[in-house]
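Shared between the two complexes below is chain A, which pairs with chain B and chain C, respectively.
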Partner chain A sequence: MEPMKIELVKPSELPEAAKRLSAEGTHPLTAMFGRDERRDENVKGLSIYCVFENTGTHEMEALKAVFKEGVPYRFPTLTYVLPAAAWYEREIQDMFGIVPEGHPDPRPLVLHESFPEGFHPLLKDVAKNTEARGERRYDIHVAHGEGLFEVPVGPIHAGIIEPGHFRFSQAGEAMLQLDAKLFYTHRGLEKIMEGKTPFEALPIVERICGACSIANTWSFCQAVEQIAKTKIPRRAEIIRTLLSELERVTNHVGDLGNIPGGVGFNPAISLGGRTKEMLMRLQEAVAGNRFLRGIIVPGGVSMDITPELRAKIREVLAAAKKNIEDLSEMFADQSNFRNRVRTTGIVRKSTAADLAMVGVGARASGFLHDSRRDFSYGVYPELPFEPALEKDGDVAARIKIRIKEFHVSLRMIEKLLTLLDEEQEMTLSVELPSVKGEGFGISESARGSNFHYVALDGEGRIDRIFVRSASYANWPALPIAVQGDIIPDFPLINKSFELCYACIDR
Partner chain B sequence: MLKMFERLFSDKIATEPVTFTGSERYRGRIEGKCPAEALSDCAKACPVQAFQAKGDGEYTIDYRRCIFCGRCVEAAMKTAAEEAGLHHSSEDVMPVLMENARQITSEIIKEKLGRSLHVRHLDAGSCNACDFEMGAMSNPVYDLHRFGVHFDASPRHADLLMVTGVVTRNLEEALRKSYEAMPEPKLVLACGACAAGGNTYGESYAVVGAADKVVPVDLYVPGCPPRPSAMIAALLAAADMLSERL
Partner chain C sequence: MLQNSVAGLLVPGILQALCLVLFAPLVAGIINKTKAVLQKRQGASILQEYFDLYKWWKKPVILTKYTGWIFVAAPVVYLTTSIIAAMMVPGLLTGSFSFGDAFVFVYVLALGRFFMTLSSMDAATAFGGMGGSREIYISVLVEPAVMLAVLVNATRYGSTTLSQMVIQYDQFFFTVPAVLSCAAFFLIMLAENSRLPVDNPDTHLELTMIHECMTLEYSGRLLAFIHLGSMIKLLVFLVMFGALYLPLPIPMALKVLAGTLIIGLVETLNNKMRLFKVRVYLSAAVILLAVAVIAQ
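Entry: the complex of A and B
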């Protein structure tokens, strides 16, 4: 993967430059984040990065605007040009105090009511463990009108799920508007990792999110290896690719068993649940941890996938395949299930493009975005890759995408196991030199592209890390998808996206 | 419809007895001798300060904090090579009861069947791994319902609050209020290294710490995340603790 191309612009020029680099919205905004470089002699200021994915050259192109000391920390908002920028700008405002002027929704995003105004934790002069208490406002958006009413839900939900607050504005049963207050599980992980070496930060990266442990770790290691200009052994590349596909299979199976939970379709929940358990046990057999923690390390992998394990993978996946075929038939067989999932929770292609959606969410809406195709990493170029694409954008389409991708992943794993059988070189990892620099990593998690930006200082310690998971890109689509549907369909629609909170909250 | 019944009847019973042994590579309880010269390296390698070297050449592990990452074992290997007997066994670490500070054993668990317990889950800032494993307890393989344990939608109906994740500033109030909303007698279970030990990520402006910094905790379940079987062991022990309080 080529390093990111960075173009310096003035803060006031950001909207124009962003419009140009996004090529009228055809090159999606991958990420936008701030960085405090006031202590760096060459920069001496706060900076903002806007990263775009050039879909023509398959490279990352970034704009960088620097706010020198004394210059007001303000820039004209990009949200009107690029709706996908809305959340990133709110986050930059919270974390660095840089104000996106004219932002349509300038509320806080990450720091809730218990934090004081003017507290910006990612500034370097704020200590990691600062205990800042105060009372800031966080207004929830509600629709007003005759006969309209509100339904508040969360942050503690009825089921075993992650925390978020939803405020539904209802016109009878129909959801007119949904405002989601998220970032409840914000742990300040990016700040915590500053000052640590990549090796020290690794256990934290693995624990950003349980479900996307491999995706996060792989993106992170790619970034670190890009900075070190080091190529990892081929065997490690094959194993990483295999782990990534295994994680996708497990997540897709988990989701396929969870979605029927949104309509109380118990036989399907059971079959999905027991199939996922087979896969979780397989993951434990491979990595010693049911969430595949502890196997990817900077420079390669820490454990081999032995011939015995390869045989086990083949055996378990064959059984899982049979179960998912039966599950698909159960879905197709049940007319009442089909009725619930069709035309429910629609995201249109134009919405997907405007919000720069990724992964399953994007592909179910006819918007083809898949990092395994768009970037050459791991051994993906050698694998039989067939992107799954649906056009309806509803719950049914998101189910179909997962079923298709489950089978594609199985074929990929088959090929990967053969590659491992044939690979003679046994080296699993290489030592990384400690170098100053910045780099990025990208991998396709089960939910979509997962982007990490890492900057290391002169001692090889993390100066800045920014993590943009797939869920971050797709969350803003959920409130749009639910509009007009009835509130009992919300759990179903929500499960069909299956977005992680831990990943976005960090 | 027929297809579905065909599948349902062709399946054998999936539910299994609860076991506390993992696969060969599973990083469970830390065992074995650690050469004295490696002790300080092991302690230094531990990212969560769970590994403590004692003066007499022995070591202790605070399993409430341990994230089972294997770094102490790696460090021992590096310093002492073949001399190092330190290793992860494939056995789960059993939950810790606060009342008498003992570790429960699988034998005790087997005697505890036949109680009932209502549980409210609270994600206080978890990475969702513990939450997924809690969900897995309801799958046909673990079938938690067979032990009379149920998940409730509201803390007002619950006997036990099962906390996952390190308590974040944004969820501190939700945790406190949920606890206050529960009827007496009530129990709190801190599930996993974050809720139990609070040191998984270290200190931050956004983190309060372990669950017991905010509410009184009765049981701790080690693991990152604990496997569903260890969670079941803790819930059954809790059912017994509850009947003692009633």
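Entry: the complex of A and C
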């Protein structure tokens, strides 16, 4: 992948420039983040990056606006031009104190009411171990009117899931409005990784999210390798691609087994759960842990996939394939299930495009976005790849996408195992020189594209890392998907997206 | 004379209720075990419901300061009405024992449900109100179906006294109305007892719950009362199903066991339907019963 093309603009010119770049690509906005470069002699200020994918040229283009010392930390909001910018701008406001002027929803995003006003943790003058307690205003959005009532759910739920507060404004059973308050367990991962070498940061990157450690690690390593201008051995590329597809298979199977939980379809839950466990055990056999941690490292991979393991992968995946075929049949045969999933939780294509959705959520709404196709990293160009696309945008479409992609991934893995069998070169990794610079990485996790930005200082330590996982891009679509449905359908709709809280609580 | 007859009704009634109360948790346990086995899970022991009741019995009751006397009274009323229904249901002890009228039976159960609905609103939580409203929505739909089901047997035997309505195999074996009313009553039984596909007794998803939603604020003994009440109610309906609607000449215990296993099977094969589709489901029961009445 080519390094990011960076164009410097004045803060006041951001909306215009963003509109222009966004129109050039097919995906409106990849990410937006801030960076504190006041100690850098060449910059001397805070900066905002606005990253776009140019899918035509397979390149990443970025706008950079610098706020020099003494200049007010304000810029005109991009949200009216690019609705997808809404969350990023609120996060920049929380983390750096740079205010998006005229933002339609200027509430805090990450730092809720228990944080002090004026506390911006990603500024370099805030020490890592700062204890921040205080009080600030956080208004939850509710609809008012005669006969309307509110239903608060969470942040502590009945099931064993992560924390998130959902406030429904109800007219009887119909959901009028949903306000989701997330980011309850902000871990400050980006902050604690600053000052660490990529190898020291690796265990943290692997633990950003339990479900997509391969995607996160791969994006991170791509960024680090891009800075070092190093090409990793082909064997490592094949293994990384293989692991990524294995992770997708496990996640898709887990999601397919979870969705029927929203409607109490017990045999399907049970079959999905058993198959997922099979795959988790396969992952344990491959990596020594159930989450595929510790294999991908900057410069390559740490271990090979032996011929015995390859045989085991083939065997387990064949069994999983049979189970998922049974599961699809179960879904298709059960008219009561079909009735629940069809026309439920619709996201239209225009909404998906406006919110710059990614992954399964986008593809189920007819909005084709797949980093494996757009960036052709790893050995994806050599694989039999057909992107799955559905147009209904309902729960049924998101199920269909997962089933299709499961089968596509199996075919890819088959091919990858053959490539691995044929590969003669045994080198697994190369040494990376320690260089100053910035780079990005992108990989397609099971939920969608996973973007990392990494800047290293002169000593090869992380100066800034920004992580945008697929869930971050897709969460804002959930409150829109539920409109027009009734509240007992919410768990089903929520499960059909299967968005991750840890990915945003980073 | 009067004393004799009252005692003569009450003693077998109390014995019968005692028997049903004792076995109700076992029936619930068997349903759970059936479901577990059908879903290839190991599942809890069939005695688990007894352990759970004992656990809740030992735990303290936690009340918020916002609740009134209704909140405490409702589980007691609910359990009591279930026990009274257990005393009234015919066909268990001697085959034809029962006191009371079908309408009294139906509305004794409705009284328990009424109090549960009141209590669901007492704690003023969003889930409780939602559960109460859904419970009433379903009971409004169930009521005409139950009335028609009573009517089928009432027109057949010319009485609405429960003991007179017990199915007679010699004159009434696999006829059209018998089969139709049997199927319809089974549908009603699932809806009335918050089973799949109408309600999901196993879910932890508060937003989808109906009956369970109303019990979310309860703890300790009060929770034990509600659960025991629900289990008794289910067993009473199973006995009622066997005595009044299942046209098979087999012992009651076998009928109940068959009903239990079928519920387990139905709950495995089905998923929960859309909330507003419940009216279609119950219309089916009403139509079956209407045909049964006409065919008679």
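Here is the rule we go by: the second predicted complex is superposed on the first by the 502 of 506 C-alpha atoms of A that agree within 3 Å, B and C clash if a C-alpha of one lies under 4 Å from a C-alpha of the other, contacts with A are read in each partner's own complex, and residues count from 1 in each chain.
Following the convention adopted for this analysis, contacts are C-beta pairs under 8 Å (C-beta built on N, C-alpha and C of every residue); 3 or more make two chains touch, one makes a residue touch a chain.
Note that the structure is a prediction, hence the values are computed from the model and not measured.
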Report task. Using the touch definition from the top, say if A:S169 reaches chain B (first), chain C (second), both or neither. Result -> neither
Report task. Determine, for the superposed model, which of the two partners chain B and chain C contacts more residues of chain A. Result -> B
Query raised in the report: With the two structures laid over each other on chain A, which partner does A:G262 touch: chain B (first), chain C (second), both, or neither?
Result: second
Requested in this report: Look at A:S469 in the shared chain and tell me whether it touches chain B only, chain C only, both, or neither; answer first, second, both or neither.
Outcome: neither
Report task. Scan A:P155 for contacts with chain B and chain C and give back first, second, both or neither. Result -> first
Query raised in the report: Can A:P121 be said to touch chain B (first), chain C (second), both, or neither?
Result: first
Query - First, second, both or neither for A:Q334, with chain B first and chain C second - result: both
Query raised in the report: First (chain B), second (chain C), both or neither: which does A:A502 touch?
Result: first
Report task. Examine A:R274 and indicate which partner it touches, taking first as chain B and second as chain C; both and neither are also allowed. Result -> both
Query - Touching both chain B and chain C, residues of chain A - result: 158-159, 267, 270, 274, 334
**Report entry** Partner chain A, residues of chain C touching it in the complex
**Finding:** 35, 38-41, 126-127, 129-130, 133, 196-197, 200, 202-208, 267-277
Query - Partner chain A, residues of chain B touching it in the complex - result: 1, 3-4, 7-8, 14, 22-27, 47-48, 67-71, 88, 121-123, 125-136, 138-142, 151, 153-155, 165-166, 168-174, 178, 200-207, 224-225, 227
Query raised in the report: In the complex formed with chain C, which residues of chain A make contact?
Result: 149-153, 158-159, 172-173, 260-270, 274, 334, 336-337, 339-340, 486-491
Report task. Note which residues of chain A are touching chain B in the complex, please. Result -> 111-112, 114-115, 119, 121, 126, 128-132, 155-156, 158-163, 183-189, 191-192, 200, 203-204, 207-211, 213, 254, 267, 270-271, 273-274, 276-277, 280-281, 284-291, 293-294, 303, 326, 329-330, 333-334, 500-502
